[in-house]
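Okay, got some structures for you below.
What follows is chain A paired twice: with chain B in the first complex and chain C in the second.
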Partner chain A sequence: MTVSTQAQIQAAGQAQPQRKRRELSDRAIVNLFIWPTLILLIAWNFFPLIYSLFLSFTDYSAIANKPPQWVGFKNYADILTDTQMWKYFATTGRYALVTVGMQTILGFSLAVLVREKFRGSGLVTTLILIPMMLSPVVVGLFWKLMYNPSFGYFNFLLGFGNPVNAPDMLAGRFANVPVPNLALWAVALVDIWMWTPFVMLLVLSGLKAIPDYLYEAAAIDRASSWFQFWRITVPSVMPLLMIAILFRTIEAFKSFDLVMGMTGGGPGDQTELIAVNLYRQAFLGQWRTGRASALAYLILIIIIAISNLYIRYINKANED
Partner chain B sequence: MSDFYETGPSKPVTESIRVDKVSPKARRMHNIRAIVVVILAILMLIPILVMTQTAFKTRADVVSVPPTIVFKPSLEGFVFLFTERAIAPPGRIKALQEAAETGDLSLFDRVALNSGQEITGLSDYVGRLTNSLIIAGLSTVFAVVLGLFAAYAFSRFPVAGKDDLMFFILSTRMLPAVVVTIPLFIMYRQLGMHDTHIGMILLYTVFNLSLSVWLLKGFIDEIPIEYEEAALVDGYTRMQAFYKIVLPQAITGIAATAVFCLIFAWNEYAFALMLTSDTARTAPPSIATMLGRGGIEWSAIAAGSLGFLIPVAVVVFLLRNYLLRGVTFGAIRQ
Partner chain C sequence: MATIELQKVEKKFGANHAVKPMDLTIADGEFVCLLGPSGCGKTTTLRMISGLEAVTAGKILLNGKNVTWSHPSERDIAFVFQFYALYPHLNVYDNIAFPLRAEGEKKEAVESRVNEVVDILRIEHLLKTKPGKLSGGDKQRVALARALVRRPAAFLMDEPLGALDAELREAMRAEIKQLHVAQNATTVYVTHDQVEAMALGDRIVVMSDAVVQQIGTPAEVYYDPANLFVANFIGSPGMNLIAGKLHDGRVQVAGGVDTIPVPVGYRNTLPAALNGAGDVTIGFRPESAILADDGDIAGEIYAVDMHGSYKLLHINIGNGATSGIVHVRADRMVTFPIGSAVRFSIDPKMMRFFDPQSKQAIQQEVTQ
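Let's look at the complex of A and B:
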């Protein structure tokens, strides 16, 4: 069989006109296959991006019948000099730091725990992964019920019998005394609950890729398990862990659904993350399209900057 | 059989060889580890268990303090979820009470008696769920078909600037939804696509395309190119080779991709909230707004969420081996 096909391949290679025709049709296939996708992506992503860049330099409201008026950098200047906006950015930064930090620690520990197979470990791992597959807004609603000060399970399981002396997490109060940031940490806890499995999944795949002989060699050299952990396990999963952290950081700056489902930014503006505020400015009652576009661009710039720093750091770490 | 005498053991094996040389201490550690994992898994599942439980509680059970662990299950939540109700006139309640004393009541009558409300029709939820099914289903089909073509072309042919194009495709998924929503909102209003099914289907198609292209390219890359070459030599055209050789082998990859697209479109909230208002509104934003009307009916919300969760949970279990690719846009091989 091999001899005959090879002869045929050679024959086909020598038949110039035929081959040329096939190359042409290949190009047609490539165009036919790729362009619909690219056109859709350009129309729905690239064009809106350019359009909102333009809008960010204008005074415009999507529901008013006035055309956009060019105002230069005024929208950006307004946002950057608004102390309230800085507060929202700071809230988002804290939220990102706490959620991503905890997800990294917990996800890593969970992955180390479930790495070794035991009976039923496949099922248990799958069950642990369910939270990240849920709709964030449904998760938000659910935790709202969990956190309810009188009939929620959260206080009940923590042993607070009497609602009067118990924390009301989403209202940011403990026994009716306001506790700063309690609502934010309550939302952060849900984010951690939901996305720790994601970090675990990535780290787990890194752990499974470590060849056994590294540990065997270390054991022969009588290296302590502490040493093995720091010198073999941690460096091996580092690239995947960094990807997980990068993805989660980007998502934390985009956080919207969860907060909307749970607090809608309240109480006051304690959980007003930047994406929630953007929605408020762009749609809810205010309809400040121009200013909201500028804010959207600022968020985009922050995300790109963070991703770039991360990627640079990862590349540098890989070179070392 | 002569091979055995050349390579096999020189003496016959008479005693069993231990391959499980695990010290008692290591075995104990293994068991402890397993128990810890199971306990953690149960702790993590508490909210989902609570949701399941709440869906089957009556209104009185939901708000009891402290929460009841053991209760009489009821389908009240599901009835509330799917129906629109009004306060029942007193005469009707009396009639129901009398009927209850004499004989059995239907499920709807019993709910009406317990809540003092009369069912007037189907709720919005049915329509929203239908919208979700249409929009998520069709957008998944489009995203997978278009993604499959593009992935095949990227995988098999030299395309100018391939790496840059692939990165462009991935980067579209990294944009915060809110950045593109504002111009999309304006664009949709100009084109008359605001709050239409076709607008949402196209939007979700585009947002799933990046994932779909990346995932499917990974799966197609793993199909040996030799099969197609052999088919081409045997006189198949490119398209025939694609349909008859590549497609059947990529079917698991296609299934995994379709499911991830479906989960995204099914769960999506931000776009649906901003770009739909009534006709094309999907279930997630409507579950969120159920809070507002006439007190919080937690059992209805729980029932709605549960119905929403079950398909996803089944899928997660069936496709656990492909999960990693799905959540990393196919960037990581397993």
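Let's look at the complex of A and C:
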């Protein structure tokens, strides 16, 4: 009885025309969706990653008509013993420390300010967020105009009327006297301006997630505002703040477009961040593809190491 | 320890009253329950006492001192929140120590105080745990410990057991009662559970629609409800309320021929209160009805609930015109077939009368 019923159901199913349309099995459909993505990933990410790792152990120039020559760890050794390279690493480290530090302090402060609802707080928040939505090259170009000693807004707002006694930020000079690191801090200022909103945004979402009753409980527990800030607000926001800092640190180590748009590494090598130097070695007139690949891997290792420290901290905080 | 006094305290949100002007005096060491259905204004009242909510008008005195506009931190009170409000990033020890550290207490003092309350609430084994990993009951114990640790003048508790399951709630209720007896601290306790209010409170403040309906001991609100709301709200099931008509010293149950003699205490007050109209609402508790073949009121069994130690009969006494079903407590051993006819009388001492117009209770004369 059951067998015949089943056969009937099957027969009826086959008779329906829409049954015909599904010729692909589930597995085939899965493959159809996955493989194009995988092929793209392999072609655009995985292959260059492996190929550049190989190139980093060779003497090779992308424009020379010569195959790569295996040189082992020579590129790495050259970079690590080159005092000039250490200087660029140091410059990058300083840049990262200052920009991320300031972005954290300012971003946190702004978030605390705009958390309170006031008339037009939505508009103010949106306005604050604009810098991070702009293209870094565009930001670099218009800050170049703002910093211009003759007609820029920056000097005007600081009250310098005469370009002769005024700072020329991107040239690293004040009244024509060179000031060490002035250009680096000028670029850092723009980076801070551009990315403080990002930190603010993450901190703000953290602040908004703190339930009111915790502050009510703290008020009952006779905690001062200061005590509440340090014992409730800061620890509650910490995991998100750490993520913001992690992202900004990685970005700071990779900083390229903003600096390239504003100074191109100059004056001299004042703003020669490691990523700018990497670009210079890989392309601008040098075309030392092998050595540049080795440098790229060194930067990657540093970033992974720093990220690991943060991630460990975040995981520890989330554990409990 | 403290006395708490509310003088014409009211709260409005926009044009709506959350709490209409209320007066309440709470004695030192007293346990007062604010009881009412959700939205009746009991939590708002508690939050006004704590200072978490500003009053719209009126005065709040703590130990005779006007604290109406004082910050919560200046009131020397502790608040236990319904959902515990523990600091999620701090472990149990740090949560309990929080109020002491906020006051800048020395490390040794903090430690000895925390150990003391941890001992009282038996939560030593939880000290290193974060609140996220605690069970509901333990969270509540930690919240109580945090409230106790500062030795505040008064405890305010907002449905502290509301989020617990029934069994745990009963155990925690006993713990809170025990704690109150041991500490003898003035406590204001908000709940919507009348069993909890009856079990815990020295006095109960019954609220509904932003108005205080009655303030009294559990026995008073149970046996002598001030109005129809309290009669119906207190007790499970609430007081039986049936329509009747007064004439010639007897009350006739509406729609029927059965009459009940007016109890002694009401012989003069009842006619006076009703002012000749005669319509009256009769109230009696399920346990105040006495089943008897010659009972005053006739009805028919509608349903029977077995409650273990007793049976609760649902008796249909009406023929459409009266309030219909009344609840009567009966011996668990007797069988009552559904549809069978029964008769019962009401213990005259336990009979109450209400004015159906004003919905207020009619007072008995004080004999003695």
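Note that in this section the second predicted complex is superposed on the first by the 286 of 320 C-alpha atoms of A that agree within 3 Å, B and C clash if a C-alpha of one lies under 4 Å from a C-alpha of the other, contacts with A are read in each partner's own complex, and residues count from 1 in each chain.
Rule of thumb we're sticking to: a contact is a pair of C-beta atoms (placed from the backbone, for glycine too) under 8 Å apart; a residue touches a chain by one contact, two chains touch by 3 or more.
All of these numbers come straight from a predicted model, not from anything done at the bench.
S.K.: Considering only the touch criterion stated at the top, classify A:232 as touching first (chain B), second (chain C), both, or neither.
M.R.: Second partner only.
S.K.: Does the superposition put A:213 against chain B (first), chain C (second), both, or neither?
M.R.: In the superposition, A:213 contacts chain C only.
S.K.: Let me test your reading of the model: by the given contact rule, A:177 touches which partner, first (chain B), second (chain C), both or neither?
M.R.: Once the two structures are laid over each other on A, A:177 reaches no partner at all.
S.K.: Counting residues of chain A touched by each partner, does chain B or chain C come out ahead?
M.R.: Larger number of chain A residues touched: B.
S.K.: Determine, under the contact definition given at the top, whether A:221 touches first (chain B), second (chain C), both, or neither.
M.R.: second
S.K.: Counting only touches as set out at the top, which of chain B and chain C does A:279 meet: first, second, both, neither?
M.R.: Touch partner of A:279: chain B, not chain C.
S.K.: Taking the superposition on A as described, I'd like to know which of chain B and chain C A:143 touches: first, second, both or neither.
M.R.: The answer is first: A:143 touches chain B but not chain C.
S.K.: Which of the residues in chain A end up touching chain B in this complex?
M.R.: Residues of chain A touching chain B: 5, 8-9, 12, 22, 25-26, 29-30, 32-34, 36-38, 40-41, 43-49, 51-52, 55, 62, 110, 113-114, 116, 118-143, 145-146, 150-153, 156-157, 161, 163, 193, 197-198, 201-202, 205, 240, 243, 247, 250, 253-254, 256-257, 260-261, 275, 278-279, 282-283, 289, 292-293, 296-297, 299-300, 303, 307.
S.K.: Quick check on the complex: what are the chain C residues that touch chain A?
M.R.: Per the touch definition, chain C meets chain A at residues 50-52, 71-73, 77-79, 81, 83, 85-91, 98-99, 101-103, 130, 132, 146, 150.
S.K.: Spell out the residues on chain B that touch chain A in their complex, using ranges where they run on.
M.R.: Against chain A, the touching part of chain B is residues 30-31, 33-34, 36-38, 40-41, 44-48, 50-51, 54, 62-67, 146-147, 149-150, 152-154, 157, 159, 165, 168-169, 172, 174-187, 189, 202-203, 205-207, 209-210, 213, 229-230, 233, 238-239, 263, 266-267, 269-270, 273-274, 284-285, 287-288, 291, 298, 301-302, 305, 308-309, 312-313, 315-317, 320, 323-324, 327-328, 331-332, 334.
S.K.: Which residues of chain A touch chain C once you look at their complex with the stated criterion?
M.R.: Those in contact with chain C are residues 211, 213-214, 216-224, 227, 231-232, 235-236, 320.
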